[in-house]
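Some structures to go through are shown next.
Consider the two complexes below, in which chain A is the common component and chain B and chain C are the respective partners.
Coming up: the complex of A and B.
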């Protein structure tokens, strides 16, 4: 890390090109890099590393926030054993990865399509307006997305059933049926995060040298060939970032789903974040919830490394 | 009960010894003028009513009252986090009937005896006996000590659309659950017209556990726990109640497992269902012509009776003083709670949209407010521990909510679901130490 310390010369004048007097003997001079990095490191330590440390410590104790008079004994790895042998936890993990497998490819595919459409020359004002419009879903608060979702998928007056009626289909219970509720939360996630993917990928497309792209268009009329051999390599860093960020996002996705379904009906939409929230802030079992959070962190790190290893390529 | 009696005695002594004229709110509040206190409120009619009345208290006392309006689902979390971190942000705690055990046993609330025994703070007209006994016992009392005064009081009632019933040939609402299922259900359900006989709000969460699951246990003679705190869900009575709910679902709108209070009330208000069993507090919503199409057709009665008689849902909140507040704020908070729940303010509170817990407030209001008669009848025959009030309810309600919904969705059978709830519930109670005698069997 940036804590290098420049050793002072043992004796003789300093070689400061500015001619300033050197530090007094016995004093160490910190590299400027330390000062530049220190605020970021301190902020990270305060908001990331310290809470993580507390979570790890909590995960090794029996600790219920709602039982302030109860002892908090050290229990070793008992909480981890309890989590790993809890079928509800694994059920929630399974649903989360099913959700990820559903939304991530959809968001990537749609994001690529939108990015390519916006990358085409000559759309002028329309393109500028579309870029602004893309920011709206991203800027919408998760809880508001959940509320919008409840309205869209309301059985009686929701837009979703209205759309079905236009093609002659009967209304369905989007939020009352386990499978459809899962689909409904996935649709809302795709609605909110496809624009994010599109904007990242659009930035990637602007990195393709204009001359190379023009030359490629002269060489072939196949859009697929241009995309596959020229544009895709420039998109890979963005795709890696999307994979990492969206995976982390989905693992902590809470507000929108909670507002839409509260994890129901049954356990149909109980993603891992909702399960952890129940344990942490309904039951207030901080020991168990911390163990769950640490396990999730490990899963996220492993997935991120895998994404970098198998997807990321320098252009 | 000893402390309750002490409080009552203290109030009585103050009434007769001090004389009502000797005590005024203004004088009692004088030392606390300029003090600011904070309360936790919900976005419900009773709290809107309190907000209308509080300026009067502020004017009379010089005490400034602030409040934070929180969704019900987050209100326990908000308060537990505050108390556990010694945050001191809450002076007037909002205590749901199922939180009283947790808040009181953790020492987060001040027993009211501290204030009722202080002649400077105790209103001689406090009269604890003036509350419906079931409300004071259930919402405000834990282990025979009174901590809070009933503030936002609910009883489960049956709201029904008498026009729809008359159209179907019924002159009166069903008196029993059996009648509702076998006689009213078939005639009032017309799916092709998007019309259903009944809606039972059953969304996962406290709505599933309190409003749906527990509602079908008690009237059929069942219960969650037996006297030894073992699961009673496999008893014939509990099973009958849960099976009944499954049968009744065919007369409910599709997707009923996603219905919260808002959806159930709205379904009645829009004329899509003929009957709902809901909290008395929703009366003002259903009578509001901007929200309800059925104002003129609305009628209210007690919940249907089961083989075990009338066992309606019971819910509500008390207001209590936080033990973590400084002494001056505690005193100011007590004065607010005492005033807001007083017999004197009961009628203004009702007229502002609240539901008072004072017995006398409803005398003469039976004709003005349709909900009064059935609500009073319900409070006179209800079950104080309709839901267990011990600290472990927070864990148990999650279990019931999950498996209760799964039963309704037919993901598991009634028997298997009830067994799963029982097994998990007993594990929670085992860990808490009830079976080893470490904790008294209080609920």
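Coming up: the complex of A and C.
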């Protein structure tokens, strides 16, 4: 309950004038607000905050599920030290950001091209049809994306190898080779998320005033110049949102990659969420996994602060 | 008037001058985007309709005699039907719960000013960013100590971490769009805040509530990680069942893809219903 009432010292002063300016005193309004908010706040605290508290506590103890009767002594920050000095943890972090560096530029660039093609006047029916098709990758269950990936990149009967044969290349073992497996999961990610980027950017393009755009098209025939000087400024808020959301989503990424490769071959596609999952539920080291989860949570909080700062102008 | 007719005239003139080649390229680009978006889905559906021999043909076959045998096998011998029912139960229950808890909160965020509102708001939105593995690790232990492993209830509750924020976000937006005058008149007549909320605001907000409910249902239907960690057999959801086929040497590809199609098809229908607000739902409303 306290969370709904206690202001952060830094935020307090900015809220006060708004409250005072209202037609009724703040005290009168607080009471119904509490009753309306309490159920949701309590429920979300119970499922969203309480487990995080448990994770913090566990991260400070030695706790292995494989030895249920062993004592779970308090070990201070030992688990954190172990995580931060563990090359396999940094390996997973490195792969996660390498993955991000691979998919994000592709999704942004393709997203811009998709959005421009969908925004360009003419071919109304075809544009409407394509706009509808974009919904399919977005709606596809992430785990099923992984299943489709295993089918398409299958070594023997996969359609990816058939496509290679059309251009005269020999078949490859997509999911058996560390580099190719990484590329394959990236391709599936690009398939699923490019339409999402395209729709955000398309929304940005429709914000460009019609008259201005028409006038610009009469001024110049250079599509690049129109893009650079007229459309790009309207795309920037969407691009910022994409950068932050996709970063958070890659840190969350589990389903599709787990189904497609289980993090393998070896650890080639073991991104951070899959790594933490393995430590928690295959190695059964809850202390260590909790410390990793808390570190991941801290990164997430920083990201969502950035998102709120840059993307939400008014609240 | 004059200006617009001139602009229209120039536009038709420009369109007349637009080279045919540009239109052809535009068409090809749109066709490429269409194929890009549809192909993996198309490949899944066609594989689900192929006989095992066709599905495993090397090189892959594009033309074949369709069969529904894999759907029958998946639904009745692999018991995918039961897991689809589990997904339906969990998705419906968590959605109803999220709407029941979330709409009053959204109403309060839209209508009241109070201290800490901004922080509360951000907390709801921040849940969009939290990695499910961060919650799955401790929640597994909590659920185990409460003997909730492999129950519908544990998933219904845990899915609130993403269904509640989406309901709160979309409905706050919706309540803000309702003119306060309607409510103020009723308040002056002596109605309580809660009556006003239930009798006036809630019915008017129905379109937004429906959209948020569809999002909540899609998100919970599509969830894998929590279900993988917290269920065994009784409460197993359809995505977990689909992935469980992935062991052994001779994989039943037709049945796997039939299961995938059964899982995805209803979600595509739902997503098309809310397609106008897809971006709003997936970004937590940052971009409209």
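Going forward, the second predicted complex is superposed on the first by the 245 of 315 C-alpha atoms of A that agree within 3 Å, B and C clash if a C-alpha of one lies under 4 Å from a C-alpha of the other, contacts with A are read in each partner's own complex, and residues count from 1 in each chain.
We take it that contacts are C-beta pairs under 8 Å (C-beta built on N, C-alpha and C of every residue); 3 or more make two chains touch, one makes a residue touch a chain.
Keep in mind that this is a model prediction, so the values were computed, not measured.
Enquirer: Can A:200 be said to touch chain B (first), chain C (second), both, or neither?
Expert: It touches chain C, and chain B stays clear.
Enquirer: Quick one: classify A:238 as touching chain B (first), chain C (second), both or neither.
Expert: Only chain C is touched by A:238; chain B is not.
Enquirer: On chain A, which partner touches more residues: chain B or chain C?
Expert: Counting contacted residues of chain A, the larger count belongs to C.
Enquirer: Given the touch rule stated above, what does A:261 touch, chain B (first), chain C (second), both, or neither?
Expert: first
Enquirer: Under the stated touch criterion, which partner chain does A:138 make contact with: chain B (first), chain C (second), both, or neither?
Expert: After superposing on A, A:138 lies in contact with chain C but is clear of chain B.
Enquirer: Taking the superposition on A as described, I'd like to know which of chain B and chain C A:212 touches: first, second, both or neither.
Expert: Neither: A:212 stays clear of chain B and chain C.
Enquirer: Which holds for A:311: it touches chain B only (first), chain C only (second), both, or neither?
Expert: In the superposed model, A:311 contacts chain C only, not chain B.
Enquirer: Applying the touch criterion given at the start, work out whether A:156 contacts chain B, chain C, both or neither, answering first, second, both or neither.
Expert: So A:156 meets both chain B and chain C here.
Enquirer: Looking at A:281, would you say it contacts chain B, chain C, both, or neither? Reply first, second, both or neither.
Expert: both
Enquirer: Let me check the overlay on chain A: which residues of chain A are in contact with chain B and also with chain C?
Expert: Correct list for chain A: 156, 281.
Enquirer: Mind listing the chain A positions that touch chain B in their complex?
Expert: Spelled out, the residues of chain A in touch with chain B are 65-69, 155-156, 173-178, 181, 261-267, 270, 278, 281-284.
Enquirer: Under the stated contact criterion, what part of chain A meets chain C in this complex?
Expert: So the residues of chain A touching chain C come out as 3-8, 11-12, 15, 18-19, 22, 26, 29-30, 32-33, 35-37, 39-41, 43-44, 46-48, 50-52, 54-55, 58, 113-114, 117-118, 120-123, 126-127, 129-130, 132-148, 150-152, 156-159, 161-162, 165, 188, 191, 194-196, 199-200, 203-204, 211, 214, 217-218, 237-238, 241, 245, 248, 251-252, 254-255, 258-259, 272-273, 276-277, 280-281, 286, 289-290, 293-294, 296-297, 300-301, 303-304, 307-308, 311-312, 315.
Enquirer: So in the complex, which bits of chain C are touching chain A?
Expert: 7, 10-11, 14-15, 18, 23, 26-27, 29-31, 33-34, 36-38, 40-41, 43-44, 47, 55-60, 97, 100-102, 104-105, 107-109, 112-142, 157-158, 160-161, 164-165, 168, 193-194, 197, 218, 221-222, 224-225, 229, 239-240, 242-243, 246, 253, 256-257, 260, 263-264, 267-268, 270-272, 275, 278-279, 282-283, 286-288
Enquirer: Which residues of chain B touch chain A in their complex?
Expert: 73, 77, 80-81, 83-84, 102, 106-107, 194, 203-205, 208, 253-258, 270, 272, 391, 394-395, 398, 401-402, 405-406, 408-409, 411
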